[in-house]
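One structure below.
Going in written order, the chains are labelled A, B and C, and every chain counts its residues from 1.
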Amino acid sequence: MHNSNATNKSPRGNFFEDFHIGQVFHHATPRTISDGDSALYIALTGARQVIHSAQPVAHAMGYKNRTIDDLLAFHMALGKTVPDISINAIANLGYAQVKFVKPIYAGDTISSTSTVVGLKQNSDGKSGIVYVQCEALNQDHQVVISWVRWVMVRKNDTNAPTPETVLPTLDTVVQAKDLDIPHDVEYNGFDTSMTGSDFLWDDYNVGEEIAHPSGMTIDESDHTLATKLYQNPARLHFDASKSTYNKRLVFGGHVMSVCRALSYEGLENALSIAAINGGAHCNPTFGGDTIYAHSAVLDRFEIPGRKDVGALRLRLIGVKGAPLKSIAEASSNVDGKRSYNPNVVLDLDYTVLMPRKS
Amino acid sequence: MHNSNATNKSPRGNFFEDFHIGQVFHHATPRTISDGDSALYIALTGARQVIHSAQPVAHAMGYKNRTIDDLLAFHMALGKTVPDISINAIANLGYAQVKFVKPIYAGDTISSTSTVVGLKQNSDGKSGIVYVQCEALNQDHQVVISWVRWVMVRKNDTNAPTPETVLPTLDTVVQAKDLDIPHDVEYNGFDTSMTGSDFLWDDYNVGEEIAHPSGMTIDESDHTLATKLYQNPARLHFDASKSTYNKRLVFGGHVMSVCRALSYEGLENALSIAAINGGAHCNPTFGGDTIYAHSAVLDRFEIPGRKDVGALRLRLIGVKGAPLKSIAEASSNVDGKRSYNPNVVLDLDYTVLMPRKS
Amino acid sequence: MHNSNATNKSPRGNFFEDFHIGQVFHHATPRTISDGDSALYIALTGARQVIHSAQPVAHAMGYKNRTIDDLLAFHMALGKTVPDISINAIANLGYAQVKFVKPIYAGDTISSTSTVVGLKQNSDGKSGIVYVQCEALNQDHQVVISWVRWVMVRKNDTNAPTPETVLPTLDTVVQAKDLDIPHDVEYNGFDTSMTGSDFLWDDYNVGEEIAHPSGMTIDESDHTLATKLYQNPARLHFDASKSTYNKRLVFGGHVMSVCRALSYEGLENALSIAAINGGAHCNPTFGGDTIYAHSAVLDRFEIPGRKDVGALRLRLIGVKGAPLKSIAEASSNVDGKRSYNPNVVLDLDYTVLMPRKS
């Protein structure tokens, strides 16, 4: 700093050496979610999922009101963790065990906490991987979403001691018994004219693919408006000079949202997301890219104690430039490792709830 | 399809041979309209119409609350019909008899139905014209908007039999007796300081023109956000590769909204739209175009039984690039047919309600 | 006009000769502010100020609800004055004595009035300066914001008589005794984990600078959506042909909002704006510019009768292209006049409220 009056009021965020196992963060700026957020989310993604769109449909099923889109809430909750956890991140490496625990409604206020559950310094001694177990809480201190996330963070002081390596045990898939299905929500007699498709849980087969027919160009204003709506202040989304690509990077969560919205055509009755098992932002997305979505059914399983609703585990591929013909084009195995098609921008493994035939 | 796992879950929409006279569609994904939608509509169009903007003004007139902008509701209602009616359309040919039947408020949930009322196969046997009578219903199953629309739709199977030609009888103008004026709304004593203009129904003369002084550039994010807000999934608005222009086409309804907002300056007391008699999207609008509006008074008529409010039938021309000097520049008659100036993007014939002098 | 049917219904606005001392304007189109406006404002600016974001935090302090962002309300209130005061303005010269008098909540309806308090014709006889004292009122006719603004306006008839010069007496700084602090709002025990920073009023020193670390590119859709949201119809923001730069000019108020949002990082506990003492839009901002913010503490003063909250008078510099190293780079004194760095787009002198240590 050339300026002797400058002070340290600007937050520097945390570096790798600032994290220790068991450390808890109560992240700043709780957010009251409103119908305005939902309107804007629809405008930003084109989402048409019925329980987020139509109050009477949601209410008839037993929800208190139409619910806030699962991914909108997730992005807001995750955005809150950025200043403490990942403002100095080199890379967002992954997430696991994302569970949508309770419905969120307009008027609810969300805040987030993170607990450090894993640390591993990289061999070059300049950075390390931080694993956090996060929870989003509503105004009644109930957990509404929980997840694990891991990021690679720079060391500020490369002489700082190397912490003991601790790696959390992570499930690759959130099991059926761990999915939270609202007790008072009833899927029997769900009126498929509300969604425009008769295909229910029973109609989807493992291995089946769905080439969603629509594409969507993401413009610079779209993704920056979205990321600001989520109050995610990671700088590389807003300032090209902070991005190694010298272009503003589209927030990966927003790509996820666009793909989920595009996947409506063919998955109309995937009413809500119960879990995200894992996901990768395989290649960067930039303003001007046109995104297409392709799904595959990875698994179909029953929910214990429920005959009215089942779970589908889906793989959702987002690709830029042109649609995939088949999910086999998304990636190949090279020396036992998954190697991605350079146009693939998202590979998401997630679980949805879908009404069963009665 | 190269992919043997691909299934037919993706909706294919309907082709010309799939329609038959009397067929009824209950369109998917009802939409609860919120104050958030209104906020975004104002941001997307610059609309300042007072009964949509100001709760106390609307309430003092007898409305339950400020009302949802007529065109916002219309676009949402129309958007719902796209997946069943026009996802395979070659062209949107026109609409008629658009009637705004009941006020719509934040919290109302809109769904749409269409009934096939006309069919005419084109002489080449590859496509045909489908006429639908549509209704938007609120959560109490009351009709809030009704309209007729006709589109040209491809045949998928050109060997499918040619249907008998049926053409509906359409009114060129919605008559005064068919306009729905809310009984409990009172225009007497309307305070023109709320709108900024003293000109009332009595002051407008048939043949009079208004050159609205403002222009507005429509950027790519503007029109795509708007069209997604309306949940209109027609692909050519979002994906240049789906547009014959190789550019994303601006949804014509959004052009209508922008022109209506621009026409505020000179029609400040045109409080609401009672009907759209007809309209043409004469030339395409693309992101980056700057739009200007020009109005002419086609007719001025009394509302049966009302001395406090009258109707003006207006022609609203939208033009790109530079404003019109006179409405005569918009089109000319060539061999008895209207030929449009290539910069004219909208020619709308609609009817507004305006307070009368007391 | 070539068109004999054209009429004078389009508003021409007021020219310099139309204003006289003591003249009062009741500006058109009141606006009901909603949660939707707040959602969009967050998306447009990235604002994270906690009392606008989180209902429970605001409520616990004694506010009725989370409050509408001070600048959002100010821009809406100012936007209403444009058609009468500044639609024919050559330049917006300044504002002073901006006081945020009462909190504004979703559901409140704002309207604006202006009283002409100063007039000075320019020596060339072609234009003059108009000073207006303005008030924004809520639906209960309570003043919620007040300000003085002055603009240079063209004469339409250069032969119109020269008015007597009247210059209002303006305070350079809104004094502590004139700041309005809600009586029933209590800052004691404010939980700084809600904002992410422990720095309170006591920690800031006069002369201290804060280099806010984030930057934000403003795209064309961003600023035009914002300016339409504010219902500010000044044409040079929407139509390049109406701008002397031949490019759409970003509304200066929106630049202010972006800088205020960027200044969150380092001023997290500057909970609300109590006053704007003065401000200059030093250079134009255009779509595509990347904006950075730099703050300096001009003064720190107690609020009479309050030990829980204090005031900081801040200088907020907005700069395009690259951040400032020091506020000394913003401007220099040339022949006794402030000369701005050509990249500086905003120089704002304002006063915030911040909790004190207990």
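Here is the rule we use: contacts are C-beta pairs under 8 Å (C-beta built on N, C-alpha and C of every residue); 3 or more make two chains touch, one makes a residue touch a chain.
Being a predicted model, the structure only gives us computed values, none of them experimental.
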{"item": "Copy-to-copy rotation for subunit A and subunit C - C-alpha atoms, rounded to a multiple of 5°", "value": "120"}
{"item": "Interface residue identity across copies subunit B, subunit C - same or different by half", "value": "different"}
{"item": "Inter-centroid spacing, subunit C versus subunit B (mean Cα positions, whole Å)", "value": "36"}
{"item": "Sequence positions of subunit A contacting 2 or more other chains", "value": "34-37, 39-40, 219-221, 225"}
{"item": "Residues on subunit A engaged by subunit B in the complex (per definition of touch)", "value": "34-40, 42-46, 48, 50, 53-57, 66, 193-197, 199, 203-205, 207-217, 219-222, 225, 265-268, 290, 296, 322, 325-328"}
{"item": "Residues of subunit A touching subunit C in the complex", "value": "1-3, 5-7, 9-11, 26-32, 34-37, 39-40, 83-84, 107, 109, 111, 139, 219-221, 224-226, 228-229, 231, 233, 235, 238-242, 248"}
